[in-house]
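Labels run A, B, C, D, E, F, G and H following the written order; every chain starts at residue 1.
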């Protein structure tokens, strides 16, 4: 029996980090751990460790984290390829 | 924002549980995904999602993989609430009482083609939460007008701006006299989370609508999704409230507006969006007039309340 | 006489068998009830209505432990059944005509999702103008949707087919939805005697529903997200294989039913086909009527038989090999012709096709005898509009 | 042997129920094949209606309407103005009418039987919305005319169908059984 | 170069002809516009969306004087078209897949009401899972609804067929709704050159709509109240006769179109069928692709031809008489097989059937050549799942 | 009752024009036919009726005859408002500006299966009148529950009485903010006539709902149709009002109740109907509670108004 | 071309007066010409002449006219047949 | 002669438009058969996308996807990490890349042409949402590689498509036409 059953998988759409044109870089010195970047990341690409950690395999580079950071700790940089 | 337990809720208090896996198919900066992440943090693992045709069906990514880590039933565009009745009935019969059926539908699937099924499920008292993430148009098919598209907005089926005012779905739902109705938006995750939690603890039909500003659809920069959401509330374009058993309560910034805080000028919100670029001054005047009218009405209700 | 718990009425007892006289609709409701569905979602429409009324009564009076969802349309009825089946429930619905047409999208859905929903369709002509009488256009127009289709000719067959439909649909090698159809009014509102087995025997025959897949919070899966071309085609292929498989299962289940309850079923039913020169092919009530015609014609010395198509999907090509066939269609595909005729016609036989009885036009065994005469003269067509 | 019966009445008078009662009673009396069905109209209350019954000692395969009945039962003679109830009636067929007249008084080229079912219904207080329901007495009368159906079987059929309301109907049927004039 | 008023773009001029390069969807919208419909009611769905967007643009920018009804579902889209047509308006809609399925009830309605609504369907596979790519199951599953069905293989044919569809559907001896279908993405989103006639010539070709019946306050009639069996059957018969008639009208209109615009059409299109041992039967985009296969095979000395089924309803039985045929179905009726195959198979020929390209699986001329090889070996089936 | 022209309207002033011909197929004592007769007297000849599946489709009688003497389009059960949009669009394009599309639908076709099309037509501003004759169940198919069936009522799909409260369709329609919404019932023909006339003179979507007590469905004597209708208003089971551009005004006896007139005991109404025969005292208490709640609410609004 | 077109016809369903079990009789002496019977008759069977006139060909005998008459001028009598 | 081209880019970069411009220009340059179509994914913004173009002097009947292109155009070399753009490329095929590197610097077993379309786009201010749109310069470069398409025809195609925005695109195309290194 085959029907459209799909299994939860990280990277279901592949490494969506490749979609990125700009990438976010966190300045940990500035970071106050408010976790806004974490909660607002549409790609769940920021994890809550000691400090916010970005998973570049999946970060699509939208820039929301940078936009919501209250202390401007996140900078968007052009992807170098 | 005060949680059920009386503590002040902060972002850091939101659970780290994650039900939306990395590597999904949403556009960069997608509001629907933010909304769903927060929603599932509140509703938790014992949720069955029912998703009609919409962006969120695509976001899951391609078979045989899925980015959604709760059981998810995709269903025809017009049928999500009916499907929820089916899931709820089956859960009841199979004695899975702690599992919650949750519809996650777009505005097109709620205001337009799915309205009848929604109304039917509300009337027959289905025990579920219906969530409409409202991006004010059909985004999945490439930005056509929906019943939720605001007056004046450009879409690919309203080239010169929509001529009609938006349907007020939450009002329509309220007229069904269900236990819980609430509005939210992604810029206020604690508010959204709290409302979801509150809904989760109730029985019967519950409805929550989440304004979800969509960068490609509204034509703004993908980094500004949250900003646009916040501005919608601050300018009064979107209103936050909840209605518990018919009792209406404004929340968050919307409440503050009613308490006297100035609404930011609506132009700030309109100007950030490409879909309103074509508006002439008189159109903006009309929008303002409509907005003032709406807030006059809210003020009356609010005044009547407290 | 003893009182029957299922429908709270008294019945004759005859050699241990319980016989009741009731309409096909009430019999369908009784059969559905005895199959112990968890969830029923249905919407009323003439001439199906008395099924859903009776089921509502069973549920409300505590005679059936099921959730009855009072939906606001047939589209929603099927959506609710689909979703309930995906959650692991055995489901039932019933409809007719416009109700069935409105389900069209969801019928395809149930098929592709491989959910063994069981449905009764009471055949009724399609409008406009409104016509509440029988023809088979409504269900035949759903023949592409991936549903197994049975057509019943008597109330007894309605009962037996509903029970078997569950067993066939839920077979792990099949897992397809199944529809039992019969003529509106001609069966739906006609009382006939029906032998009703005991619940315990039905329970033995019909084990609990084991779903092919399930929405389960402990093992989350997603059903129905975007499927790229190649896997999509495989899903379609798997459906076709399941239909092929269903042929065997239908025969097996029909045989097992026969052993247990004394009435055997299969893909088709042959009646006096031995050494027949002509075999009449008919479905639903017309097939019962045709038996009378065959008997009369045989009495006159004509070598005629009857092939009753009980199963229309999967289509039993291999059982339709007669030299000369007379196909009576109570349906029409505009721009093609009789649907049954056109599906059979590739089988290499000499075939005469008649379109008859649309919109409830009464067709008696005398009319069928007349069609036989016409076919012998080499005539065919719309009866009695074109050929009389 | 196949017996075919047509009942004529009005929407609300219970012609279909009468057909069903006769079918049940026939089965209980040992007939293998029985059938009861309405003429499938979209009729509303008060409009003339028709119902059919077939009784046979063998299984019945005919599904088409009855066109040449053996017996015609008229629940309400009023409708005879609008409808020719003798249409198709077999030459040796019988018409059973609800009337207080005697068969002799009715000039029809058929065998006629009569019974005053209305009075019997009124007497036994079988009324719906103030209107006498004559179907059950008429079945009683019909059983008298038909071979092979027992009055007891008809009463049993009523118990099945009406539960606690069966008694007065059974009584009315029995009275009609006795009162019918052939 | 000159500016074309219809779509406000510049075009090459070549011997007086205007050629534009655009997608089938935009071409369909342009054709619909040039047919001057009074009322358009449509709902978006991938891959039809760009049609309705373009039409909305035409209307809003004043280039088309029509009422554009922004309905809330496809069921309503068709209901609105039906009602507008019954009020005397020329109507247009477009949809695809699930949208078409949701219209099912109303498709039957338009047919039985004999209202010449014209629709474009962009073929797309049916879910679940969601699949936005082409196969023909969506429109073929509507083949009983009483609609004339055309399948187009090129953007030019899309244009020409939409215009002709109006003329055929509105013919007083036909008066049936008509659907022009073509493959999603493969045509809908593919730009190809299209010759666009002048509006004045289209106007000459396509006279004003003369309805068969109308809702008119001066002559009140009721449409669609209850119809008893006998007249109902006559209505069905009249439909079938109109379909028969449509065959002639399709040929005539195709010829007239050819005379006026230089491109002739008919029920089918034969390509290199002279002295062919095998004739490939295909529809829609696959029929264009098959031309390439035929050319290549002919070059290799194989005697192969192509029969392109342009018209599927009415079904042109009489044009399908070849000794050996290879039928390629981009569709499947579960429990029966290929739909085109099964409709053809009674024609007395030796037929090999292939199911290919479901859910958008790419089928190239190389694949078609391979199917030919397989057929020669006596093989058939699902390609490439069963036979490769 | 005061007509537009300021005169007192009386039954004798209603036009003798008749658009429902004698010899139709309705049950004796049919409320739908009374309502339609009066309605067409007000709307007149230049009306196109659109009728979904319902009793009124049957009432027309059999093809090739019809008892309706205005052009009438029967349409699928769920599609009447969409069809009205089609008729309205065609009329506009064909420049028949004085012809009015009017939907005549039952409660099933309005509250349930036709709701979506209705909501869509309201949102897109179709220029038509939608009339729902509400007999609180599916009568054509033999008395099944609809969204309009009141709490506690027996139907053939609610054998032990409906467990849910009725949908409030007029409220739902009001939440669409259309120019005109009104309720009426057959016992007050002048009121019904006036409301129809008023609606006729307006533009855009207009909605009128007519309570239509149905003898076979509600199980009462066929001579009491009008009496039952009147009692519904007098007991407060039905409320008469109109809403012009959002401005709510109670009318007739309902207004008088709000002005202080006693509501008749609801038992009077319930007891006359077979469908409520099975009610236990506590059910009746519940119905009373619901009714009081509703009237409390009306009183608040009414108080707020004048 | 045949489709379900129907023509407005008096007596579309036949002489529906035959459905009647009781028939209304107006006592014209009592009648005050309030026209309630006229407006409420579901069958449009009462016409407005000098006084209300019942068309027995179509009156179905529902009794509404009798019920609504403010002066009890209409009596329902059993049909004699 | 049939020429088949695949364009690789990202959702939003205009690969489909590029294919369409080339098709239009080819028609204007006298080719009877032209085709342009996207790879039909459900892709969102930013995801890798593919578009196809076919050019021929005869009418084109092929409808299937291009599997063995003559030319591959890479609008964004970033996607080369995720996708093998040379897949199916004919032996004598050409890859045209948007890069500031020279063909020699690129080690691929194919003929390579390069152009710095990003710089040209930036210079001509062809930007959407701050991101340089490189499709139009890339078509200019492609025309240089292709036989039988006139630069003038490409410019005309741009006028048709972009109206008043055509100018800067045409200019960029011309610059790229000149700047392409083969």
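Just so it is clear, a residue touches a chain if its C-beta (ideal position, glycine included) is under 8 Å from a C-beta of that chain, and two chains touch if they have at least 3 such contacts.
As the structure is a prediction and not an experimental result, all values here were calculated from the model.
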Message: From the centre of chain B, which other chain's Cα mean sits the farthest off?
response: D
Query: Using CA atom averages as chain centres, what separation in Å is found between chain B and chain G?
result: 56
Message: Based only on mean CA positions, could you tell me how far chain D sits from chain F in angstrom?
response: 41
- prompt: When the centre of a chain is set as the mean of its C-alpha atoms, what distance in Å lies between chain A and chain G?
  reply: 78
Task: For chain G, write out the residues touching at least two other chains, lowest number first.
output: 3-8, 13-16, 19-20, 60-61
- request: At least two other chains touched by the same residue of chain F: list those residues.
  value: 25-28, 57-58, 60-64, 66, 68-69, 74, 76, 78, 112-113, 115-116, 119-120, 123-124, 147, 221-222
- request: Identify all positions of chain H at which a residue touches two or more other chains, and write them in rising order.
  value: 42, 45-47
Task: Provide the full list of chain pairs in touch.
output: A-B, A-C, A-E, A-H, B-C, B-E, B-F, B-H, C-D, C-E, C-F, C-G, D-F, D-G, E-F, E-G, E-H, F-G
Message: Could you list, by residue number, the parts of chain B that touch chain F in their complex?
response: 78, 111-113, 115-116, 119-120, 123-125, 147, 163-165, 167-168, 171-172, 174-177, 304
Task: Spell out the residues on chain E that touch chain F in their complex, using ranges where they run on.
output: 38-39, 41, 65-67, 69-73, 75-77, 79-89, 91, 105-106, 109, 215-217, 219-228, 231
Task: Using the touch rule from the top, collect the residues of chain G that touch chain C in their complex.
output: 3-4, 6
Statement: chain E partner, complex, touching residues on chain C are 75, 98, 101-102, 104-105, 108-109, 111-113, 125-133, 137, 140-141, 143-146, 148, 176, 223-230, 232-237, 239-240, 242-243, 246, 313-315, 332-337, 339, 342-343, 345-346, 351, 357-362, 382, 385-386
- prompt: Inside the complex, what are the residues of chain D that reach chain G?
  reply: 10, 45-48, 77-79, 81-82, 131
